[in-house]
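Both of the next two complexes hold chain A, though its partner changes from chain B to chain C.
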Partner chain A sequence: MYEVRFHGRGGQGAVMAAQALADAAFVEGNYAVAFPWFGAERRGAPVLAFTRVDENKINIKTRVYNPDYIVVLDEKLMDFVNVAEGLSPDGMAILNSPLDPEEVDLGMSVKTATVDATTVALEVLGAPITNSAILGAFASATGLVSIDSVKQGILDIFGPRIGDKLAEKNARAAAAAHDRIKIGKCKAERTYPEAKKWLPTYQEMPLSLATKPTKTDSGLVGPGSSVENKTGSWRTFTPKYDEEACTNCLMCWFYCPDAAIKRLEPPKKVGFDMDYCKGCGICEEVCPADAIEMVR
Partner chain B sequence: MAERRIVTGNYAAAYGALLSRVEVIAAYPITPQTFIVEHVSEFVNDGKLDAEYMPVESEHSAMSACVAATATGVRSYTATSSQGLALMHEVLYVAAGLHLPIVMPVVNRTIAAPIGIWCEHNDTMAERDSGWLQCFCENNQEVLDMVVQAYKVAENTKVLLPVMVNLDAFILSHTVEPVEFPDQKDVDEFLPRYDPKHAYLRPKDPMVVGSFASPEYIQEFRYQTEESTQNAKEVIRQVNDEFAEKFGRDYGGAVEEYRMDDAEVALITLGTVSATTRDVVDELRDEGKSVGLVKMRWFRPYPTEIIRDIASRVKALGVYDRAMSFGTGGPSYMDTKSALYGHSTIPVLGFLAGLGGRDVMVKDIRLMFERTLEAAKKDRVEKEVTWIGTRGVQP
Partner chain C sequence: MKMKDLPEEDWFVNGHTACPGCGGATVVKIAMKVFGPDTITYFPANCLLVFGGTYPLNSFKVPYLHVLFENSAICAAGISRALKRLGKTDTSVVAFAGDGGTADIGIQALSGAAERNEDIIYVCYDNEAYMNTGIQRSGATPFGAWTTTTPVGSVEAGKGEYKKDIPRIMMAHDAPYVATATLGFIPDLLKKLEKAKNKKGCFRYLQIYAPCPPGWRMDASLGAKISKMVVDTGLWTLYEFEDGKMTINKKPKMTPVEEYTKLQGRFRHLTKENLAALQKYAEDKWRKDQALAEAYS
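For the complex of A and B:
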């Protein structure tokens, strides 16, 4: 059995990637399962997905805590998420990164494959969606599944959701990434701060979780606590705002899921709070005046 | 001086709200509860009760409004029955989960299909895992008294759970009988204003109520409900005693024992059948049979320890249910067996009668006792669940 943990962000397709890998392994005659793990946060929040593959039937239904492989779809994630946590020392990291493996620092030194999946995706798909390209990299870096099976997995899983044509393109992205990996060993220089969670006993927990603003080891909880959650660090794409074109219709202000758009005193119209803008692009989608453009 | 009047169970349930000085009422009428809604709306209209009355468009909204009102820190009230309770189902869990001490009389009515308006306990029994506490009443006096007691139990800081006060459709809701009305002054002393410290919505003192919780929190959250439910056992006893002291009516707490001193067998009952059973016990005693009544008053929390104690004193137990959990037995019967497992080996028999409002007659109750006495003699259970008065079914 081998176990894979995918790290991505809501909307990047980590779950579909995990499923496509399971499908690829299944096509090769294995038993495989894939499942997501995410909280209630919306687009842009870190998400996990898992794939388990074995020759025999897999019964275990727990999450994966000591993966053999980690796959990271989002290059910025490694800066503040300890993606290698629990990774087997004999395991391997497959990362979306333009850097060489030796330049990447995961806080532990393991066999690492890097691929500039974002560039591959932009070239092949015309969009920075890396979930298919990274699977091509996984196939060539690990040799656990053939690229043909990965392409089949992408067609099987992506096809019903995004259409066969786009799925074909994604399969091509996987093939393109397959030949563009760099293999080496990453650095172990940084230490990630220990992730602290507020885990009160039932006695310590406010009854029914009715919570006043409370300082805990893991920060503020209760009303106003999202102020501490600077979602701006999630951002890969940034809204570029054209005040001239803006009609001040406030659609963007209404739709921004993180309340990162502020109404300004006239004659100014709206402003963007980069501490909280997570780069989801919803404002660009809803703006009727084309006054917002997402740029990398 | 407390006055005595002859009133319906519905009036008693409504008057209990008045005496408890509820501040928000949100309700939707359904037969046979409709008169409760009408009476409380009249109390408000006539200036007898200083409350916000919200005529809502459904029971789902009624419970939602009570949840919101109680979350702001006021005492709220509603009442329902049968399908209305079923429509509230999901919001019942919100009220209990958020520890909002709402009190709600439920006029126990059969739940469709088939459509019927008469007494059966399958409406509230379906909600026995919702986290609500539940008590059952035997007469209209008890209905009034229990609304007042229910607030006191519900709002106790060790409990903070909502309570259903159950009264049998028509047998209480539409029946007049004498009721003593306590003085407002005495009730005010007994039941102070609701002043929550755990959950309230006040903009100047912000608090998250009803938050999202990930798996790291929900199990502790559930354990809080379990602990509150367990705590309620002691609080029910205290409130009963305090009430008895002040108003002179002692209901015995979670369970009332009637002629149980030297009883060989006992019948556990819920609701109005308890009243008829008193007379049957007297009759059988006169005939020299050693029987007693165990009136189950608070079904949630289930009085496990008390039932174990009773089982240690008798040779067999019969359990009467007015609802069926299909394929097994009545809910009270199952809970009794579960409480006794590993603690007692006496025979425990289950009896079903009176479903859909069919009258439970003296002869039916006599049969329950006969069977229980037989089981005591043989020291074994020959038939676990007996349906009484069902055409085509041998009782």
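For the complex of A and C:
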């Protein structure tokens, strides 16, 4: 049996990738299951998906805690998610990154394959949707499934959802990524803060819960405690602000859904709180003075 | 109240987990800036409940309560009556419900509360489908819109029925204050929120347009623009109904609905006939709203 964990963001298609891999393994005569795991977060938040493949019937129903392979669809995830957590030392990481494997730091040294799936996706699909390209890289890096089965898996899973034409394009993206991987070993220099494993039970909640935010062992709770949740990590595009051009009309401040734009004491105008900016680009759109530009 | 007079402090703080560009989050952020700290909020099941209150975190600095999907107006009315008993008549009790929780699931409670003239503010943030559960059609979904339960295929293409006009239903209750607003017209929105806050002791209903980028299949940056366009096309009339008198706040430019629909993936499949039907609906709606304003003048 081998177990694969996919790391992506809501809306990137990690779940469909996991299902397509399971389908590819099934085409080759294996048993396979695929399922997602996500919280109540929305588009852009980190999500997980799992694929389990075996020659025999699979009776394990849990999440994959000790994967043999991890697949990362968005390289920015590595900055704040310990993607290699629980990865088997003999396992392998397949990453969407333009870097060489030796330049990547996962916090543990394992066999690593990198592929610039974003570029492949932009070339073949015309959009930065990397879930199909990364599967091609998985096939060539691990040799566990053939590229033809992966293409079949993509046609089977993507076809009914996005149409056969687009599914075929995605299959081509997988084939294009197949030959563009770099294999090596990644660095193990950074450490990630230990992830919170449990949420507090209601008995553990402080009595002051209803009146003021309170620090507990599992973080802040109570009114306004969501400030602990730094949603800035979801961002793909970042606002670039030109204070000279700004007329201080406050349109951006009004429309920002995340209250990430703050009014400052004059003569300063507005400031951006990058801890919370999700990069939606409303500020750029509503700015009448073109003082804000969204950049990658 | 002008935009510049809005307080800097938020009572709906950042760190919530709404999608990038969420219209509902902006609506609630602004509404809470106007309603202020002396507010108790109620939520039925909706996106806001999920992205604003993911256990153990909470984005609201004011008390908030959730019981069930269908009883927003009842629970809010209960809070309001309890406060009255305690002698606290100044506190605003606000129910924030989505369009599904208002037009379909919550309508009996809403109708009852309006008929009994309960002392609450009911804000429906209208994103035109059940977005929380993954984009299913609601009564407030517009004609032709794709949702997961009105798929586009050879038999049908998007929703075949027209949008349920909830503000008009509320007007039929002779509710003391009914208003429609969008994020596209800021002074109008702030005026209505403030009026709803200050008109104490009676039932107040606000329907605010809330763009949903994932559900409408549109770019996350377009929320403000689309909120303006929907009024210009005539698909959404800005009006208020106060003590039996209806005033239209903005005469639509009647721009072609196609300009509005082409920005949204949920309308991508619309044929010429569909667009003509939607255009006719917009014109009829404007005509009817004008006639209503005349009748209630």
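Everything that follows uses one rule, which is that the second predicted complex is superposed on the first by the 223 of 296 C-alpha atoms of A that agree within 3 Å, B and C clash if a C-alpha of one lies under 4 Å from a C-alpha of the other, contacts with A are read in each partner's own complex, and residues count from 1 in each chain.
Operating definition for what follows: a residue touches a chain if its C-beta (ideal position, glycine included) is under 8 Å from a C-beta of that chain, and two chains touch if they have at least 3 such contacts.
Keep in mind the model is a prediction, meaning the values are calculated, not measured.
*Asks:* Return first, second, both or neither, reflecting whether A:Thr231 touches chain B, chain C, both chains, or no partner chain.
*Replies:* Touch partner of A:Thr231: chain C, not chain B.
*Asks:* Between chain B and chain C, whom does A:Ala210 touch in the aligned arrangement: first, second, both, or neither?
*Replies:* both
*Asks:* According to the stated criteria, A:Asp273 is in contact with first (chain B), second (chain C), both, or neither; which is it?
*Replies:* second
*Asks:* Using the superposition described at the top, determine whether chain B or chain C touches more residues of chain A.
*Replies:* Partner with more touched residues of chain A: C.
*Asks:* Name the contact category of A:Pro257: first (chain B only), second (chain C only), both, or neither.
*Replies:* second
*Asks:* Looking at A:Pro223, would you say it contacts chain B, chain C, both, or neither? Reply first, second, both or neither.
*Replies:* both
*Asks:* For A:Ala188, decide between first (touching chain B), second (touching chain C), both and neither.
*Replies:* neither
*Asks:* Is A:Glu284 touching anything from chain B or chain C once the two structures are fitted on A? First, second, both or neither.
*Replies:* The second partner, chain C, only.
*Asks:* In the superposed arrangement, does A:Leu199 touch chain B (first), chain C (second), both or neither?
*Replies:* Both partners, chain B and chain C.
*Asks:* Once chain A of both complexes is superposed, is A:Ala127 in touch with chain B (first), chain C (second), both, or neither?
*Replies:* neither
*Asks:* Do chain B and chain C land on any of the same chain A residues, and which?
*Replies:* 39-40, 199-200, 205, 210, 222-224
*Asks:* Give every residue of chain C touching chain A within the complex, in rising order.
*Replies:* Listed in rising order, the residues of chain C that touch chain A are 3-4, 6, 8, 10, 12-23, 25-26, 29-30, 47, 50-52, 54-63, 183, 186, 213-214, 219-225.
*Asks:* Per the contact definition, I'd like the list of chain A residues that touch chain B in the complex.
*Replies:* 39-40, 197, 199-202, 205-213, 222-224
*Asks:* Taking the touch rule as given, give the residues of chain B at its contact with chain A in the complex, in rising order.
*Replies:* Going through chain B, the ones touching chain A are 97-99, 160, 198-200, 205-209, 211-214, 216-217, 220-221, 223-224, 227.
*Asks:* Give the list of chain A residues in touch with chain C in this complex.
*Replies:* On the chain A side, the touching residues are 10-11, 39-45, 199-200, 205, 210, 216, 218-231, 234-235, 250-251, 254-260, 262-263, 273, 276, 278-282, 284-286, 294.
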